[in-house]
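Read from first to last, the chains carry the letters A, B, C and D; within each, the first residue is number 1.
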Amino acid sequence: MSGSARTVDEIAAAVAADIPEGSFVNLGIGQPTKVAEHLTADSGVVLHTENGMLGMGPLAAKGHEDWDLTNAGKQAVTELPGAAYFHHADSFAMMRGGHLDVCVLGAFQVSVTGDLANWHTGAPDAIPAVGGAMDLAIGAKQVFVMMTLFAKDGSPKLVTECTYPLTGLACVTRLYTDLATFDLGPRGAHLVETFGTTPAELAERLGLDLV
Amino acid sequence: MKVRFPESADEAVADVADGSTVLVGGFGPAGMPYALIDALIRQGATDLTIVNNNAGNADTGLAALLAEGRVRKVICSFPRQHDSWVFDGLYREGRIELELVPQGNLAERMRAAGAGIGAFFCPTGVGTPLAEGKETREIDGRTYVLEYPIHGDVALIGAHRADRAGNLVYRKTARNFGPVMATAADLVVAEVREVVEIGAIDPEVVVTPGIFVDRVVVS
Amino acid sequence: MSGSARTVDEIAAAVAADIPEGSFVNLGIGQPTKVAEHLTADSGVVLHTENGMLGMGPLAAKGHEDWDLTNAGKQAVTELPGAAYFHHADSFAMMRGGHLDVCVLGAFQVSVTGDLANWHTGAPDAIPAVGGAMDLAIGAKQVFVMMTLFAKDGSPKLVTECTYPLTGLACVTRLYTDLATFDLGPRGAHLVETFGTTPAELAERLGLDLV
Amino acid sequence: MKVRFPESADEAVADVADGSTVLVGGFGPAGMPYALIDALIRQGATDLTIVNNNAGNADTGLAALLAEGRVRKVICSFPRQHDSWVFDGLYREGRIELELVPQGNLAERMRAAGAGIGAFFCPTGVGTPLAEGKETREIDGRTYVLEYPIHGDVALIGAHRADRAGNLVYRKTARNFGPVMATAADLVVAEVREVVEIGAIDPEVVVTPGIFVDRVVVS
């Protein structure tokens, strides 16, 4: 156990540290994009953006945007040496065919066996939108999720079974949160490390058996 | 058949029929055929089904087409955006139909339409609400959902450059859905920044061969 | 009726004359390749070769072969201005997706409703080989066949039902032979023109009702 | 993972296991990875399944591999050629298995393997002996045959040029099966004419991105 809960930046740094050298990686929209800031150039990690590019660089500097070159969040980005462009069907074939090593996603809920809910709160008046989330969930060799462990109302977001509509079944392999990191799999959630709390405290707050 | 080079975007979309399914390229502004969409607004076809990754932004382009009440149904992966108020309003009022499709399925279903594939078993969406009511099958220990082609009567796409044979190249991530949509519609209209002579695009780097392209306009 | 039976070159010329201006066309291996010799440059016809090219030109001159540039028969060919290269899956997607206007094939047998048999004689010791024949048969908007109307043993090659293993069902739209041209379809074979014979003679030799 | 540049073709194929399915690029001589095939012959793996458009020509390359009795099965579209005597002899003696696949299915089945498609309904071969015993289905009035992916343990392909990131470009019709096979195998080894520095291949013209390529050798 470390002394205090992790910030989003610390979570992103932890994710970055666990990405093997030379991996091909897709970072989901939102918090996962922060992982890029913690990847060093000599890691050889190559970023994929599902709108058709490998070798994506950082956001474009203000005033230097090229609106033909954007990421999945439609922000202007840049191109690194060794990049490649391809069309949408090829890009998702790459993803769905299992060629990406890692994708990093946010989540509303994750189950102990790795089910993911991150596209829809299930609220009746919500306009649904899925984008590439379901494709990413089933496509990458490893799916990492980063999120806070508890919702604002205090309810756990790591659960026995997701109550929100699912994005994918048994797809999340590792869960990075402010309070702990977990390995997920068919046998349940394995607690790897805690931050600002103890395993016993955490198991109680979560109401889960952690294997 | 040989590609044509109409004088204007209006001429290029003059014969789009009411009730058409129109594939519209672009992912956000990148690759969006703005001039063709504006021409389609002026042209007047209605009862349209629009296929695009999104469902319009702010008050221009696709959103303007929606605002005019010309779209019966949107097939897309991500309608909800910070500036998708036109779609949001129509949807909440029950005045527009939505088929929400995972982005990879959107691309692959159009590819299937262009490639003569009748249907395909796909791993995306298994166990989720978007696979409800769909046929599933276990193949080699993995579960798949059966997905069907999305075919367009018309595709309106944005590209970077065309030659006089209709061969297209794109620029950076503006490529996105264009090459796939060009294979999946009966009538394919491309909006490009420039048209060059035959021979000025290296045959090795053509992304969309002219066989897929019916009309090209410069905008 | 014209005065005499057509030579292979005359059949090829007749096929070429029927290909609409600006068509995208695949010419099968063997006799169909002769059609290219009768296509004028101002026809705007663009040739597809299934090994990944549109805009194929004539055979390479002796001594000027480039063995990275071959046709489906693995002969060295040339490239015309406006050509495009693509990989095999894209090439067959183009074909199978119905984007080619015309393909021209040879045949062992064709049925009056357009079934095609052109890949296998059915001989028990024959080593089967299909290549792209089945894809071409179902892919192009129109499938033209050129062949002699009778086999060397005198048996008709236009038949009520093929006895050789099929390549495709109800796919041939037009049949060009030495003695006649036919339109084929669900209602049977329609005689368009005869060469060196009369419709009555031909119907009798074929043992068919010609609609 | 990062692409490697072994010293030799022998090193590049050193770990091909007995019983592997090996996708071999090329359509006739164009795109054929001759050095890798020769290295595979020296390497000794046996009980192989070979996927190529043909089944070997004359006495070299694939034909030599067959002649050494190292191939259990060939999956191809066109084994019979004027100089396919090695295959012809083995086949007539019942010493080699043949799965004959229409050429478009060969390409599309490998694409499916690379794209995560579990199976697809395809119009090719309906009503012919090559569809016998296969599931068929009528979709929108047309009959289709269900076809399954062809996945390789190894792909050996020929390309024109690689950069140090493993991005590949091909030359003319030598492109053929290479880009598809590169997506469909666990281990992808490319034989190229030259390797250039990163940045020397324009990102717009990359045909096979480095993500698909494990090893590159110059021959």
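Going forward, contacts are C-beta pairs under 8 Å (C-beta built on N, C-alpha and C of every residue); 3 or more make two chains touch, one makes a residue touch a chain.
These numbers come from a predicted model, not from an experiment.
Common neighbours of chain A and chain B, listed by label, are D. For chain pairs B-C and C-D, the one joined by more C-beta pairs in contact is C-D. Between chain B and chain C, the centres computed from C-alpha atoms are 34 Å apart.
In whole angstrom, the spacing between the mean C-alpha positions of chain B and chain D is 33. One inter-chain figure worth recording: chain A and chain C are separated by 54 Å, centre to centre, where each centre is the mean of the chain's CA atoms.
Chain geometry summary: the mean Cα position of chain C and that of chain D are 28 Å apart.
Annotation for chain D: residues 108, 111, 115-117, 122-123, 170-172, 203-204 touch two or more other chains. Multi-chain contact residues of chain C, defined as those touching 2 or more other chains: 53, 79, 85-86, 92-93, 96, 138-139.
Here the chains touching each other pair up as A-B, A-D, B-C, B-D, C-D.
Interface residues of chain C facing chain D in the complex, by the touch rule stated above, are 49-53, 66-71, 74, 79, 85-89, 91-93, 95-96, 115, 120, 125-135, 138-139, 165-169.
If you check the complex, the residues on chain B that touch chain D are 108, 112, 115-123, 137, 139-140, 142, 144, 148, 169-172, 203-205. By the touch rule above, chain A contacts chain D in their complex via residues 20-24, 44, 46, 48, 53-55, 79, 81-86, 92-94, 96-101, 138-139.
If you check the complex, the residues on chain B that touch chain A are 27-31, 77-81, 84, 87-88, 91-92, 98, 100-108, 110-111, 122-130, 160, 170-180, 207. In the complex of the two chains, the chain B residues touching chain C come out as 1-2, 111, 113-117, 163-165, 167, 183, 198-199, 203-204, 206, 209-212.
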